[in-house]
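Shared between the two complexes below is chain A, which pairs with chain B and chain C, respectively.
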Partner chain A sequence: MLVAGINVEAFEVLSSSEPPVSPTEVLAKDKPNDAGGSIIVTWRKSDDDVEENELVKEYLVFRSSALDGEFELIGTANKGFEKFVDGTTIDGTQYYYMVKASDRVLHSPPATSEAVSSSAQWFHSGRISMLVATVMICFLILWFIRKAKKGKELYIRPIAGLEAVDDAVGRATEMGKPIMYIPGIADMDDIQTIASVIILGRVARKAAQYETSLLVPCCRSIVMSAAQETVKEAYISAGRSDAYDADKIRYLTDDQFGYAAGVDGMMLREKPGAIFYMGTFYAESLILAETGHSTGAIQIAGTAMPSQLPFFITACDYTLIGEELFAASAYLSKEPLLLGSLKGQDMGKAIIIAILVGGVILVSLGFTKIIAWLATG
Partner chain B sequence: MMEIIGIWMAALLTLCILSFLYKDNPFYKFAEHLFVGLSAAYWAVYSYFNILYPNLIQPLFGHGQLLLIIPLVLGIMMVMRLFPKVGWVSRWPLAFIVGSYSGYNLITYLQSNALEQVRATLVPVIQIESWKNLFTNPGVMTFLNAIAAPVVVVGVTTGVIYFFFSKEHKGVFGGFARIGVWFLMIAFGASFGYTVMARISLLIGRMYFLLHNWLHLI
Partner chain C sequence: MKKQIPLIITFIAGMVMILQFFIPHRPFSDLQQLFNTWFLIITVFAMILGLGNLFKVHTKRLQRRPKGWWYSIVLLAGFAIMFIVGMIWGPARGTPFDYLFWNVHLPMSSMMFALLAFFVASASYRAFRARTPEATLLLVSAILVMIGRVPLGNYIWDKLPLIGDWIMSYPNMAGQRAIMIGIALGIVSTSLRIILGIERTYLSGK
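Here is the complex of A and B:
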């Protein structure tokens, strides 16, 4: 049949079916535990939204700042979904949301929400476990620092790699060769680099006392600046400020393998008697450690990179594994502040073990709520 | 033509770097200095156009985001190192970087390295389904599945015990610590093998470049 020149029967093949049934219970609420700017819209699926047919293919979500105003399409949700997050809201502005079920040709009548506005939250209620853990760890550290400052003697077990630090510096001195200290390839925003620079201070002080040359090739300019300040301070405290040479703490390049090539060349030409690898390392670890090994230097490595530790263990004389790198500064300096901090961290580990053992027993007995309590958001 | 020149340069520089396997020599030195110099210059330009310009210069001078004056001042203070008389000024931004990142990392490390690890380890030690599977269908895989959970729990617990520094590793405590070391070493061994395979694939890639792209032998 033709109506005004249009084949109505053909048209009805596409649109003859009824529009889908509307979704119901459209609710809009501020997204909890965020920095604002988000509203969550939820609804109950249309009765036509079932696996067996394609009456509903998607849901269209509209937004307006007035109930009788113009609603703008802000996004879609696939068939079967009952949630949409609008991440483009302005905090404090009221919005109304309208949801329609659609088969991509016909839309259902709209279902509309109440007015809602977004806001930022001061506290993330899902991260209470993090708050408790942080406060507890900080309290333990401060408590033991106070104890250490009062003169209580705190025991630290021997760590072979750290006991060898002084021997390595002494060996390089006896051989009349320089010491090379490689602080990793990460920047100062990495906690391993920070730990490495602290250990560098101790090594530099020994080198200054023994009047042994210290070479520090750096991969990052900020690390070079920090290393220069640390070494300078160490030389001054050892009473050898005249021996400090800033040019020996030099920047090579930010490029990982360019740095490895440069350090390898330095190793072969300077022939250091002792080499320290402390900090963050990636694929260059074995290239450096193998070259250092071929020069006959005593090598001490320390990193918390699990993928690189095997290479250091293979090619170096001593290796500080993970946490041992962070404990090194306290171990080497024996300063009450650092010793107390280390003891506090150990207490934190004791609590972790207690939670592990107790938690596994509880979970094995069917009490799984403890897993939710430890959620970090 | 340019492509052929590029392939020849890459191939010759690859050989210069590989000549290091024999010993230090002028070819290696040339390639090393070229690599270090070029990459340092590249990173300087990259840092300006991808970090400094979009994050500081454009928003500060283009869009008037005045809060960015703080990092600009800290950056200028850092550059003061170049002038020995006022070089001490650079210690302030350094202290700011070290202090702020230490504090920031405390939270991220505590979350990812402590609490999330503990949460992932809280599994029932006896997985009844796995043990049923083992008895109905005995085999290596079903056995490994059955003992997986207790092995993870024991490995993590004894591993943490090894990293206790304020108690001597003696007696029962020392025994647990030794078990922890065993777990660590087995994990390192597995990681070693896995990474060596990845490195060999890198070597194969370079050899393929030399033999295929350069010499057309394969």
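Here is the complex of A and C:
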């Protein structure tokens, strides 16, 4: 019979007088790569668990610490599901699991698992490829640092944005205008902000040498404190401690667009000769960079946020793309140890490119196991 | 010693964070959460530093009266109003604090965000001038993606959305992934320099 185009005879709408068929192959195993306390229960769904009827509406999962003991209901899984994670186990205790199919009125006969206990693991086996890659890259970086320590001259490719830092500071000095340094809107737990504060130290030293005013509006209190210490030290090391003014490294607000408004206002009032944007930026990137552009300042940006890079490339004179932000400190300092780490980083990239090309060729030839080897859990 | 203690703390904290990524066993599995909690506590106390700085800078501005000093009055008044209203009535729904948040703070934030539309237009105007082969390629790609994403594109030619999707899924994605790989390596290198104490500008220069 058709009702509204649906064959209602194909549906068993209400509970039948018979209980549903039991699920089969109930297996319980310790959840791998965890801190313990979890067991995964799987089963093959009941023969009555099909799209066309409602004979099975859910699966009931029971647990007991003895096969002949009392089983306690610990959870349910929806129709069509074949897995349940019990996250309430005590490590070392043996458990038996029982699964029943149910139409919420009648339950199928139970299907029971073997005894199982949960445990914590000391190594995440799904992250072997990550461990190998980390060790390899760390080894390369340390090896090149060692080479640099021994005095070997290392060639580092020129980065236009970093070559322009001196010019930008010099231009601001010649124009008698301040330099503005914006360290992004993230806090100090973000590696980009740490990289930004490190670069700030280098820029502050040049600003101190040229006796140019440096403005650092901050979006986070901790960043402000770190920036104040970094700039102060840079001024001291440049022999210009008298020129250091803590009020120029100021906190504005934690609010994203409040910060953008505050920085825009400072740009329009102070008319800086050079503006640096280094760190983590989101939607405020273009608001800041376009306002900076309208002031006529030379602008250098650097971020590892791929979504914001096009905005900076469009609005700024130079942009440090991704890794160049992290290379900036070493590049500007010209210290052999730091340059050694850059060289190691480049070698790591060369190896990853080789693995990518090799992987594409192997997968194209049908050797798909490499995908599983390189996957991370 | 003033520099050695922070370096030791950095080294231990860095190594523990690396280990907890590979060791799911307790106590390592709980360390990231623990460190995040510590960081939040420090952040809350650091807010006092930020507020202190804000007051100091703007009080000085009121005393010295430089160009635009009246903006400091607006800032301090805004801060005082929100602080007092929040302390008296609390931040719950329906309170004056809640009213000011939804009817003053949020519209101003939205207004700043809305400015982005105009800045995108002005930036696009400069970026899309076909002066070089690269800029021309950018212009053509941008036009194809933009037209492909609006109904007009489908109306002109039903393959245009597919071309737009292809540009986003292949050349654009490949470029983004290349940048992401570089970023990951840069993070490893920077982290290693900091953990091993090679990079110590953030502490106090070389």
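As a working rule, the second predicted complex is superposed on the first by the 349 of 377 C-alpha atoms of A that agree within 3 Å, B and C clash if a C-alpha of one lies under 4 Å from a C-alpha of the other, contacts with A are read in each partner's own complex, and residues count from 1 in each chain.
Just so we're on the same page, a residue touches a chain if its C-beta (ideal position, glycine included) is under 8 Å from a C-beta of that chain, and two chains touch if they have at least 3 such contacts.
Since the model is a prediction, treat every value here as computed from it, not as a measurement.
Student: Counting only touches as set out at the top, which of chain B and chain C does A:S129 meet: first, second, both, neither?
Tutor: In the superposition, A:S129 touches chain B alone.
Student: Looking at A:R157 after the superposition, I want to know if it touches chain B, chain C, both of them or none. Which is it: first, second, both, neither?
Tutor: A:R157: touches chain B, not chain C.
Student: Would you sort A:M175 into first (chain B), second (chain C), both or neither based on which partner it touches?
Tutor: Neither partner.
Student: Taking the superposition on A as described, I'd like to know which of chain B and chain C A:L27 touches: first, second, both or neither.
Tutor: A:L27 sits against neither chain B nor chain C.
Student: Who does A:I355 touch here: chain B (first), chain C (second), both, or neither?
Tutor: first
Student: Touch test for A:I370: chain B only (first), chain C only (second), both, or neither?
Tutor: After superposition on chain A, A:I370 lies in contact with chain B alone.
Student: Looking at A:L106 after the superposition, I want to know if it touches chain B, chain C, both of them or none. Which is it: first, second, both, neither?
Tutor: In the superposition, A:L106 touches no partner, neither chain B nor chain C.
Student: Shared contact residues on chain A for chain B and chain C?
Tutor: Dual-contact residues (chain A): 130, 134, 137, 189, 191, 194, 197, 222, 225-226, 229, 251-252, 254-255, 257-258, 261, 265, 269, 283, 286, 306, 309, 311, 313-314, 321-324, 327, 342, 348-349, 352.
Student: Considering the complex alone, what residue numbers of chain A touch chain C?
Tutor: 33-36, 120-124, 127, 130-131, 134, 137-138, 141-142, 145, 187, 189, 191, 194-195, 197-198, 201-202, 218, 220-222, 224-226, 229-230, 233-234, 236-237, 247, 250-252, 254-258, 260-261, 265, 269, 283-284, 286-287, 289-290, 304, 306, 309, 311, 313-315, 321-327, 329-330, 333, 335, 337-338, 341-342, 344-345, 348-349, 352
Student: Write out the stretch or stretches of chain A touching chain B in their complex.
Tutor: It comes out as residues 129-130, 133-134, 137, 154-157, 159, 188-191, 194, 197, 222, 225-226, 228-229, 251-255, 257-259, 261-262, 264-265, 268-269, 283, 286, 306-307, 309-311, 313-314, 321-324, 327, 331, 342-343, 346, 348-350, 352-353, 355-357, 359-360, 363-364, 370-371, 374-376.
Student: Would you tell me which residues of chain B are touching chain A in their complex?
Tutor: Spelled out, the residues of chain B in touch with chain A are 17, 20, 23-24, 28-29, 31-32, 35-40, 42-43, 47, 78, 81, 90-91, 94, 97-98, 101-102, 104-107, 109-111, 114-116, 118-119, 121-126, 153, 156-157, 160-161, 163-169, 184, 187-189, 191-192, 195, 199.
Student: Can you tell me which positions in chain C touch chain A when the two form their complex?
Tutor: Against chain A, the touching part of chain C is residues 18, 21-26, 29-30, 36, 39, 42-43, 46-51, 53-54, 56-57, 60, 67-68, 71, 105, 108-110, 112-113, 115-116, 119-120, 122-124, 126-127, 176, 179-183, 185-194, 198-199, 201-202, 204-206.
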